[in-house]
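This report refers to the structure that appears directly beneath it.
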Amino acid sequence: MIDKRVADSQAAIAGIESGMTLMLGGFGLCGIPENCIKALSQSQVTDLTCISNNAGVDDFGLGLLLKGRQIKKMISSYVGENAEFERQMLSGELEVELTPQGTLAEKCRAAQAGIPAFYTPAGYGTEVAQGKEQREFNGKMHILEHAFQADFAIVKAWKGDYAGNLIFRGSARNFNHPMAGAAKITIAEVEHLVPVGELDPNAIHIPGIMVQRIFQGEVYEKRIEQRTTRKK
Amino acid sequence: MLNKEQIAQRIAKEVKDGYYVNLGIGIPTLVANYVPENLNVEFQSENGVLGMGPFPFEGEEDADIINAGKQTITTLPGASFFDSAFSFGMIRSQKVDLTILGAMEVSEKGDIANWKIPGKMVKGMGGAMDLVASAENIIVAMMHTNKEGESKVLRECTLPLTGVQCVRKIVSNLAVMEVTPNGLKLLERAPGVSVEKIVELTEAPLLIEGTIPEMQFES
Amino acid sequence: MIDKRVADSQAAIAGIESGMTLMLGGFGLCGIPENCIKALSQSQVTDLTCISNNAGVDDFGLGLLLKGRQIKKMISSYVGENAEFERQMLSGELEVELTPQGTLAEKCRAAQAGIPAFYTPAGYGTEVAQGKEQREFNGKMHILEHAFQADFAIVKAWKGDYAGNLIFRGSARNFNHPMAGAAKITIAEVEHLVPVGELDPNAIHIPGIMVQRIFQGEVYEKRIEQRTTRKK
Amino acid sequence: MLNKEQIAQRIAKEVKDGYYVNLGIGIPTLVANYVPENLNVEFQSENGVLGMGPFPFEGEEDADIINAGKQTITTLPGASFFDSAFSFGMIRSQKVDLTILGAMEVSEKGDIANWKIPGKMVKGMGGAMDLVASAENIIVAMMHTNKEGESKVLRECTLPLTGVQCVRKIVSNLAVMEVTPNGLKLLERAPGVSVEKIVELTEAPLLIEGTIPEMQFES
């Protein structure tokens, strides 16, 4: 067993420097690596490029890094829900690259799988296709998209073991899965860190080989963005 | 004229037994409420859920179980969770039988614009570009006109596009229209709305063959 | 729940016609859809193109279809272990297209994921690259490979439910995973078919949407190709 | 001259703590037997296993748990199973630290041929082309000469290639050689084998700097 444990979120983010490109898992506030984000917000790191489907809310998730002006550029499919984001974007302080959600996911997966580029129909005929190679396959137009190149991927799982094996829960799997192993170094924070042998090898979503650092998150708030219910 | 609930109700009639369906945010979400219970239908949410059920009871919300609108949901027996790459893989490979989404503008050729208004804050396309580029069967749910009373069903979209030649049908508060190789065909009109009124409020030319029936609502 | 059940292997292979292209899961004899193969071997279907990592042994797996001269062409990464295969190949009766194993898997996965084509470094500078587009990414040469186009994918899982959800066991997952949903119609045979609700939604490897037909295989021999053991 | 076990034993010294290792069929498989127990190493099998253990005890073979050589195996605590596409994804994205495989021929530039002999029955490349095109650290385990006594370490490969400029080191029954930008460098010689003998049996020119040490075996 190759032990991937680090002590805490501070130790996990060691080596993340200003100007780097990070991948951050999560969809909305669901499955975000909240402990690493908090640790980054307490660090002096700035000028980050963040690849993340969304940008958090004002006082949680990536909103914390926006508030501290630590993000130079966001690569996302959907932003907003965040007044500070809007202000920085409209003032030109923050650069935003909007990418179709499936393309965003596949660009992560391509990096994870050592595929430098692939063709997708998404965005053909729109401004997303501008400046990109376009090609017909099977009578349908596609555009060429490239794998992301990131320094760190920061993902959040439900359970993990000392060897870095990960199991996600519910729809919190989302981008955490294709980002794991898609950067030079992958950090995983988990709600439950267990010794090797406790996870069923058949049920592991991400093998430990994709993860370089793992720790049990200090606190999980797991905030809900849209609490929708029905009466009993 | 239909209200939003009635638009959803009309669209629900397009859902067939055995369909996997992806519902966009807004009116499309309401469609789930009107699908007859005897139909076997599964709802896909592009953030990685198949087999979505109703909202949870109060106190039973689970932060890990949400839909693409970031709302807390439940799942039904037979449900599954998967990652975002796999989710859009099933969308691109056309496993989803029906996609219902909103639009700011639709053209007579089936182009759709629903993500960006130049000069305004742009939130992003989310999964809409992947959905419209991939799905074979796309129905748009929309108001026929904007707040100024101008047609949103156009010869050409004026806003930045989300996808080209992809919309199959439009269900608005005034009419049901189908995109055909010859243009936009008027299929049904809302109760109490005349064909003349629809033509007047539609910038795109409409193919009108025979008598256009009024939409039927069972309930 | 959308019910995908069919009665048996005979019902499952309905619609498979001579001249079609099939994907068949398995690695060696591990995880092969043995009941569907047996049913095909008892059918009159011929001139098949089979995409399968291997070609079975003389009297089991795809060897049964070879023996009946039902296969026109094999697309595989490694063949042999099969005298009849060798005879048909050397005599020119059987066409063989050898493909690097990772490329074979990714061509399945591309079809499953609606990606028409992708770049891979595998095979660059070898005869596999002949006639294919070659392109440099990040200082390294790659070749363009296309998604497979198949009529039927036939996969084998450990457990499945009525809705077509699949769970694999051990290394029998192999090509069964990327082939599920990679053809026009996917047939899944399983060792244990259970009602919906019995499988943990987090542990499902293939969601039912990728599967059009499912049945519990009549008999599983699960033959071992290389029985290697150590003494107690 | 080394026998196959000794070649494996020598290669095992190249395995470092924390390495993920992929072993090809033949001599490479034997390497696992010689990795010191105090090293934390995990073996990857490209058919979808990480954390391979020893062969099972008699009667405990499981048809669902095999390696890429189709042999029944066991797994160690911390093991995981995955599909073939994911497996080659981790190979292409260079998560495997060391790949050890056999070869029919290797050139001084690091080209390798190990899958096809024209005119003979061709079984296929299996996963070898993906492995050699992707891995950063490839060691070839091979006999230095063929049955006719001819060198298999060549200026140029004569057989169809498996990959180009990819081999890092060669461990043969006669020598350890490293592929450098300036050519093939002789690092070590087998016990009792002279540098002159190695040069004589190697078609490719060898860079020889200083005294070439004899391989050391602890056990």
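We just call them A, B, C and D in the order they show up, numbering each chain from 1.
The working rule: a contact is a pair of C-beta atoms (placed from the backbone, for glycine too) under 8 Å apart; a residue touches a chain by one contact, two chains touch by 3 or more.
Which protein is which chain? UniProt says A, C = CoA transferase subunit A; B, D = CoA transferase subunit B.
It should be emphasised that the depicted structure is a prediction, and the values quoted were computed from it without experimental measurement.
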Chains contacting each of subunit B (CoA transferase subunit B) and subunit C (CoA transferase subunit A), listed by label: A
Intercentroid distance (Cα basis), subunit D (CoA transferase subunit B) paired with subunit C (CoA transferase subunit A), Å: 29
Centre distance in Å when subunit A (CoA transferase subunit A) and subunit C (CoA transferase subunit A) are each reduced to the mean of their C-alpha atoms: 32
Between subunit A (CoA transferase subunit A) and subunit D (CoA transferase subunit B), centroid-to-centroid distance (C-alpha), Å: 36
In subunit D (CoA transferase subunit B), residues with contacts to at least two other chains: 81-82, 85-86, 88-89, 91-92, 134
Residue numbers of subunit A (CoA transferase subunit A) (touch at least two other chains): 106, 113-115, 120-121, 168-170, 201-202
Contact graph of the chains (line, ring, star, complete, other): other
Pairwise chain contacts under the document criterion: A-B, A-C, A-D, B-C, C-D
Parts of subunit D (CoA transferase subunit B) lying in touch with subunit C (CoA transferase subunit A), wherever the complex brings them together: 45-49, 54-73, 81-89, 91-92, 111, 121-130, 133-134, 160-164
Subunit C (CoA transferase subunit A) contact footprint on subunit A (CoA transferase subunit A) (complex, rising order): 106, 110, 113-121, 137-138, 140, 142, 146, 149, 167-170, 200-203
For the subunit A (CoA transferase subunit A) and subunit B (CoA transferase subunit B) complex, residues of the former touching the latter: 27-31, 53, 76-80, 86, 89-90, 98, 100-106, 108-109, 120-128, 158, 168-178, 205, 222-232
Contact set on subunit A (CoA transferase subunit A) toward subunit D (CoA transferase subunit B) in their complex: 1-3, 111-115, 161-163, 165, 181-182, 195-197, 201-202, 204, 207-210
In the complex, subunit D (CoA transferase subunit B) residues that touch subunit A (CoA transferase subunit A): 18, 20, 40-42, 44, 50-51, 75-82, 85-86, 88-96, 134
